[in-house]
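Attaching a single structure in structure tokens format; questions to follow.
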Amino acid sequence: MTHEIILSGFGGQGIMAMGKMLAEAGMQEGLSVNWLPSYGPEVRGGTANCSVLLSSEPIISPLVLEPTEIIVMNKPSLLRFEPQLVSGGHAFVNSSIIEIQASRRDITAFYVPCLDIAQELGNPRIANMVMLGAYIEVTQCLHAKTVEQMLAHLFTGAKAGLVALNKEALRRGAASILKAAC
Amino acid sequence: MTHEIILSGFGGQGIMAMGKMLAEAGMQEGLSVNWLPSYGPEVRGGTANCSVLLSSEPIISPLVLEPTEIIVMNKPSLLRFEPQLVSGGHAFVNSSIIEIQASRRDITAFYVPCLDIAQELGNPRIANMVMLGAYIEVTQCLHAKTVEQMLAHLFTGAKAGLVALNKEALRRGAASILKAAC
Amino acid sequence: MAGHVTFWEERCKGCELCVSVCPKHIIVMRAATNTKGYHPAAVERMDECTGCASCARMCPDSVITVERG
Amino acid sequence: MAGHVTFWEERCKGCELCVSVCPKHIIVMRAATNTKGYHPAAVERMDECTGCASCARMCPDSVITVERG
Amino acid sequence: MAKELWKGNEAVAEAAIRAGCRFFFGYPITPQNEIPEYFSRHMPEHDGVFLQAESEVAAINMAYGAAGCGARVMTSSSSPGISLKQEGISYMAGAELPVVIVNMMRGGPGLGSIAPAQSDYFQATRGGGNGDYRTVVLAPATIQEMTDLTQEAFDIADIYRIPVLIVADGMIGQMMEAVEWKQPKPRKLPKKSWATDGTKGKREHNIISSLFIDPKDCTLHNHRLQQKHDLITQHEIRFEEYLTDDAEILFVAYGTTARICQAAVLRLREAGVKAGVFRPISLWPFPEKELYDCANRAGVKAVLCAEMSMGQMIDDVKIALGGSKSVHFFGTGGGTCPTPAELTKAAQDALEGV
Amino acid sequence: MAKELWKGNEAVAEAAIRAGCRFFFGYPITPQNEIPEYFSRHMPEHDGVFLQAESEVAAINMAYGAAGCGARVMTSSSSPGISLKQEGISYMAGAELPVVIVNMMRGGPGLGSIAPAQSDYFQATRGGGNGDYRTVVLAPATIQEMTDLTQEAFDIADIYRIPVLIVADGMIGQMMEAVEWKQPKPRKLPKKSWATDGTKGKREHNIISSLFIDPKDCTLHNHRLQQKHDLITQHEIRFEEYLTDDAEILFVAYGTTARICQAAVLRLREAGVKAGVFRPISLWPFPEKELYDCANRAGVKAVLCAEMSMGQMIDDVKIALGGSKSVHFFGTGGGTCPTPAELTKAAQDALEGV
Amino acid sequence: MAIVYERSRGLTETEMHFCPGCTHGVIHKLVAEVLEELDIIGSTIGVASVGCSAFAYNYFACDMQQAAHGRAPAVATGIKRVHPHLAVFTYQGDGDLAAIGTAEIVHAAMRGEKITAIFANNAIYGMTGGQMAPTTLLGQKSTTSPQGRQKEMHGSPIRMAEMLATLDGCVYTERVMVADPASIAKAKRAIKKAFTLQLSGAGFTMVELLSTCPTNWGLSPVEAVGWLKENLVPCYPLGVYADKAEQKEATR
Amino acid sequence: MAIVYERSRGLTETEMHFCPGCTHGVIHKLVAEVLEELDIIGSTIGVASVGCSAFAYNYFACDMQQAAHGRAPAVATGIKRVHPHLAVFTYQGDGDLAAIGTAEIVHAAMRGEKITAIFANNAIYGMTGGQMAPTTLLGQKSTTSPQGRQKEMHGSPIRMAEMLATLDGCVYTERVMVADPASIAKAKRAIKKAFTLQLSGAGFTMVELLSTCPTNWGLSPVEAVGWLKENLVPCYPLGVYADKAEQKEATR
């Protein structure tokens, strides 16, 4: 099993964090993992993207050139990365702000209104967790529990309150897929 | 014809200038020439030495490791360079301040009291010219005239008066050899 | 002498510096975004504009042209 | 309290700085040279030496030892 | 030990701290800023010193001073910053000071780009500074290897009194992978009786210097250094082979490029072409004999050197093979990585060209 | 033309002035101080600028600025000072600026000695700076050749928009030999329309830069540079053979060492051993094919690379020969010169070892 | 309607890459306006340095060179010596001018090099992501001074305008800020004066401009200008630190 | 008889290579005497630089490091950070400290690095044979300013003590000379004060010592001290330029 994922969006959308959570969770489940950010000169508000590899085999090349999945949080990201997706791959689209649809027929796209859901939950900054929930739900590459447990380690002390919120975001993301599947 | 000469003495004795005059004169006579100073960190009063190559053939290596002649203006120079002289080579010794004699039997030494002669001429700084005169007289590697003509080019204007003095020094140096030969 | 202000909207980065210096408090950020994803600045009540050019002088991205007459 | 001055002759570079600062003008340069080829400094009339150590303080090569008593 | 997810730049810093490095002098430059930043956060916890110097030149010279005191010291930078350190590295090599220097290479020449590259191979392995000196050069390909090699680097530096370079690229510096913290196998470390730490009136003064004004002394010193270099060449060669046993096409590549070559190898093997990778880990000393042996096994038809540069390691590959095999080359310069597809094609071309 | 007696360092400066160089930026260092000193006396006569910079780093960057204006510029130094210029040289190569740089090499590493050496060969030919770049490297062996090559160097720099290094050693810098001033054969020089000299409102602004932030652009730039390097390799190789026709032992040496090898050759021939010298004059581009051809003539039994270093050019010799001949080595480091006797013995040993 | 203010012809059409609200953009346009007003766009050569302003060569309409980190004054010296009659300026950040480039700026000033240094001091390394600069305030946090800059460990901020003013060759240095329309107008006057003095051959001139880095200060652009006024200005007092050309004229 | 003056134990027995009458030797022995008097020979690390004093490592009895040209303050910083309780000093010439090493000395001073810089200013590059230094006087001839230093081309001499005094971290800087027994005694007091302040942790200290270079000035040693007093002192006024540690104590 190998997932080659590209995550992309505006800076500030929590793209890097989402990628790191995937990698961290993968590692905890005993997978080989790799997280690779694209890096450029610091300019706020530019695009941000990273790639994540999760594999039951040792990881060889860290380059993700033909992703099996893309997670796109804004429109330029969809336009840029959709063509790279392998045939049969999955696109996860932040439909709250991307008004267009994926154009390829040989892939499956999931439209997750993650910003809307996050706003419903009262915190637009957890849109990325909503997306993560959706991603895990579809790919089943990880146990949702692993990620949930990580949250407990991540938010402690004053921030402990955020655990529940993030868990809820993950669940709502997953649920959005179920709904879509119906 | 190849002369491989090492000139050595205290800083301030005009060693470098003497070497350059030899090289310049050699060049003017159509010989191949090379002048090579030993260089070190600047400290006044240390030893100074240089080598000169004069040859009717093109000069190959600039290194003078086995000189055919040495011109030594102080005692440490004699001690240092005498052993390097080729068998049958010539040593020109500033006998005004070097109280010892050359020790090798397979070489010819010329003892030139060049400082005494220079002082007689009223200028201790031309001891080197005295030595040069002696050197040329012995080796006949150059025409004394060439050097004399160079002097006319070297000392012009206010310094023109030095021409005669230097010529005299050359002649006295040469004469000292004739005397020695007698 | 009323002022008139035009914005090169595509170049606006939504920094709000112009807003903060307009003595007439007539500059606002638009709800829509430009293609770069920023909310561009705009003048709400142009008739109140004095053409003082404070906004233009402050704008780091030379987005604003001010006319008067 | 008369002074007594000794020179580490082999180390002297004949710079004459000691000569120039001795208030008693009793330091001279010797005619003979040391093995380095310098004319070393020496005190001519030691009895006039006050042991002020000006010479020693001035000497760049720490050639001079001064005693008093 | 449990695995932890570490970013390359932070892993190298943490590995240094674990190796007992308590002095870091650096200057910001992308893509290695997380190294000084990590030290700035964590050195105080270990009573260590993180100091941001006014420049790379100052940083390497601070390292000189601290290393001369016998401390374990690190400095890091990326390509143009490493260029500025060349005089200092030459001095440290000349004065025989142990230090670990990290270069997270970026595209050049000049200011170039900040994207990953391997175009400082010459500088690292031949010494971009003046004079005859070598630095041990270690090139990890994974974050795990980076942590292991960094820890070993300090021992190597101390044992031979020599600067050790860890060279990687911006990609390795920025990526995260799983790390299991290991202790390097213990080696006997010499006492640093040469260090300047105050004579306390109990010994002659110690001197740290690269100045040998008498050429005879300087020549002698060069011969001593050469003996040391020979010793290192005997003992410190590191390399790895990947599916080389039956390979007909042999990639030679290091660091990130070696990993991409491995991906190409799998593709080639799927297509029925037997491919393998010879990966030098120590770039200096270069595994010359080892590469020769590997390339001269029965099956090898062609050797393909791949670099994220226009061709630098290829010199060492050619020297190692001494004409025994034809050497092909695939390179990308300035900050782009080769793709497995490009390498696959290059390998096929090389085989056809035989 | 009459011959004149010139000191190496002064000859190089005078040759630059004759080549139209009007800007020199430098910093004192032995054994090349006569270069800046000569310029300080003579640049004013030609309305030229001699400026002593605050450091070698500043000097190379002043050269960058002036070269960017289209001027003919020189800077010079000796080994440690050249180390400090590495970043700047990399920048100039990246920005494609013509400049002539002189390195009168001295013993290293570090502060080393001030005696003659050839231990910056790697630095010169591989670029001690970051990134993939080359500089043309010319190595004269006599003062005559130094003046000729210096004048040519400016043309080469302009034609290819590339830094050109003149490398020699302290001995060549300090010695005097006869010089006959010649004009280099005229070459077509491109117009410097890229230079920054004020747009005068008549053209788009010109930009001098080595920054290509998009790795794709940087890669493209690297490929362009590579093409230029290939072109130079085609056109600018220089070398000399000395009694090679029937040689059984072939010395490979450059600069001063080549002259000493020639002396050894004469001794060997006196002793009945047929010896010759292959002397690369352009160290980069290295006369690879030419050396191969020379060494693979019927009679050659062994090749002996001789350097005033612990072994640097030998890499290029090995690459050139590709295993076709065994390569022996004789080197002295740190500031001593090999003697004809030592070289003679090394040649005899090499022949026996065959 | 008459145009009161429009984009300067001293700038190219290229869009600037600076973060939203970064006052590098303001400084750029002030320099551009001065070039335009003095009518020297065609006879000026600018030198971009390494920092967020590295791409300045794309933005100024005059000829430009891009210099190595800290070396812009040396590059500018090379240029000025070739073209003594053209205007030459450097555009440098505080990391560039006050850290790695200290020797070059000090010696350009000492030589009285006839150039103008435009010194954008934002008390941080912007380009590389917010590391401590020699100009970082005591107590100010940065990615390499996570506890805030400490006097004992890092020393106190360096004041370049004051330091360079001690040099005879430095004929004019003024510290200004670009925090509101009034201070921006004043900053422009300083830049204009510097260029004018340069062109008159007076000597080395520098304008130090206190500037914001909203991104690495972690503030909104509007907050950042406020922070500048409240925190940077007390440590870096505005004013003229050297004005020797005037003195000269006064004594004449 | 009691010994009034003898060679300091702070010096080794090694003979110094300086030219006859060069006052580098005087400065060496003053430092040695201070080390001896403060009883810190065994707990001091000195840093030799590049210049005629490059071999200082052979002459001082304490542990020594030899630094690259201009980088002694950086090397000293590295040492001091490892050994905060030892005394650390640099010995630098004017070419070393005021030209190539400008950035390093300025930043050591800015950081308030607890080291003492012994700065031997002889207004020339001695070691390399008499080239112009940034400290060379206007009109002074050197091998690279054969017409004499000219303000228009080379700028005016740099005054390091004054310049560094503008930095908060620089707690003590004094300019002295070593031209006669009285000034030598004063110079020694300054050096002792600098070391004492360093050891008390006050910050960066520097003593600038006007020194002679008879060889490259083309004067006899005795003439050279005279030239120093007549020509160097007017350009480089003697005196204390920073004494912030005292101020501190005064305000306490």
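Going by the order they are written in, the chains are A, B, C, D, E, F, G and H; count residues from 1 in each one.
In the analysis below, contacts are C-beta pairs under 8 Å (C-beta built on N, C-alpha and C of every residue); 3 or more make two chains touch, one makes a residue touch a chain.
Just so it is clear, the model here is predicted, and its values are computed rather than measured.
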Mutual neighbours - chains that touch chain F and chain G alike: E, H
Graph separation of chain B and chain F (steps between touching chains): 1
Chain A and chain C, separation of their C-alpha mean positions in angstrom: 37
Chain centre separation in whole Å, for chain H relative to chain E (CA means): 39
Distance from the mean Cα position of chain F to that of chain A, given in whole angstrom: 56
Euclidean distance of C-alpha centroids - chain B vs chain C, Å: 87
Residues of chain A whose C-beta touches two or more other chains: 40-41, 45
Contacts with 2+ other chains: residues of chain F: 30, 51, 54-55, 57, 80, 87, 91, 95, 110-111, 114, 209-211, 213
In chain D, residues with contacts to at least two other chains: 13, 38
Sites on chain H touched by chain D in the complex: 1-8, 11, 15-16, 18-26, 28-29, 180-181, 184-185, 214, 220-222, 225
Of all residues in chain H, those that touch chain G in their complex: 99-103, 106-107, 110-113, 134, 151-152, 154-159, 162-163, 166-169
Complex contact set, residues of chain G against chain F: 12, 41-45, 47-48, 54-55, 57-58, 60-68, 71, 74-83, 86, 103-104, 106-107
Parts of chain D lying in touch with chain H, wherever the complex brings them together: 3-4, 8, 11, 13-17, 19-21, 38, 51, 53-54, 56-62, 64-69
Residue numbers on chain E that touch chain G, as the complex places them: 27-30, 33, 36-37, 40-41, 44, 50-52, 54-57, 80, 110-111
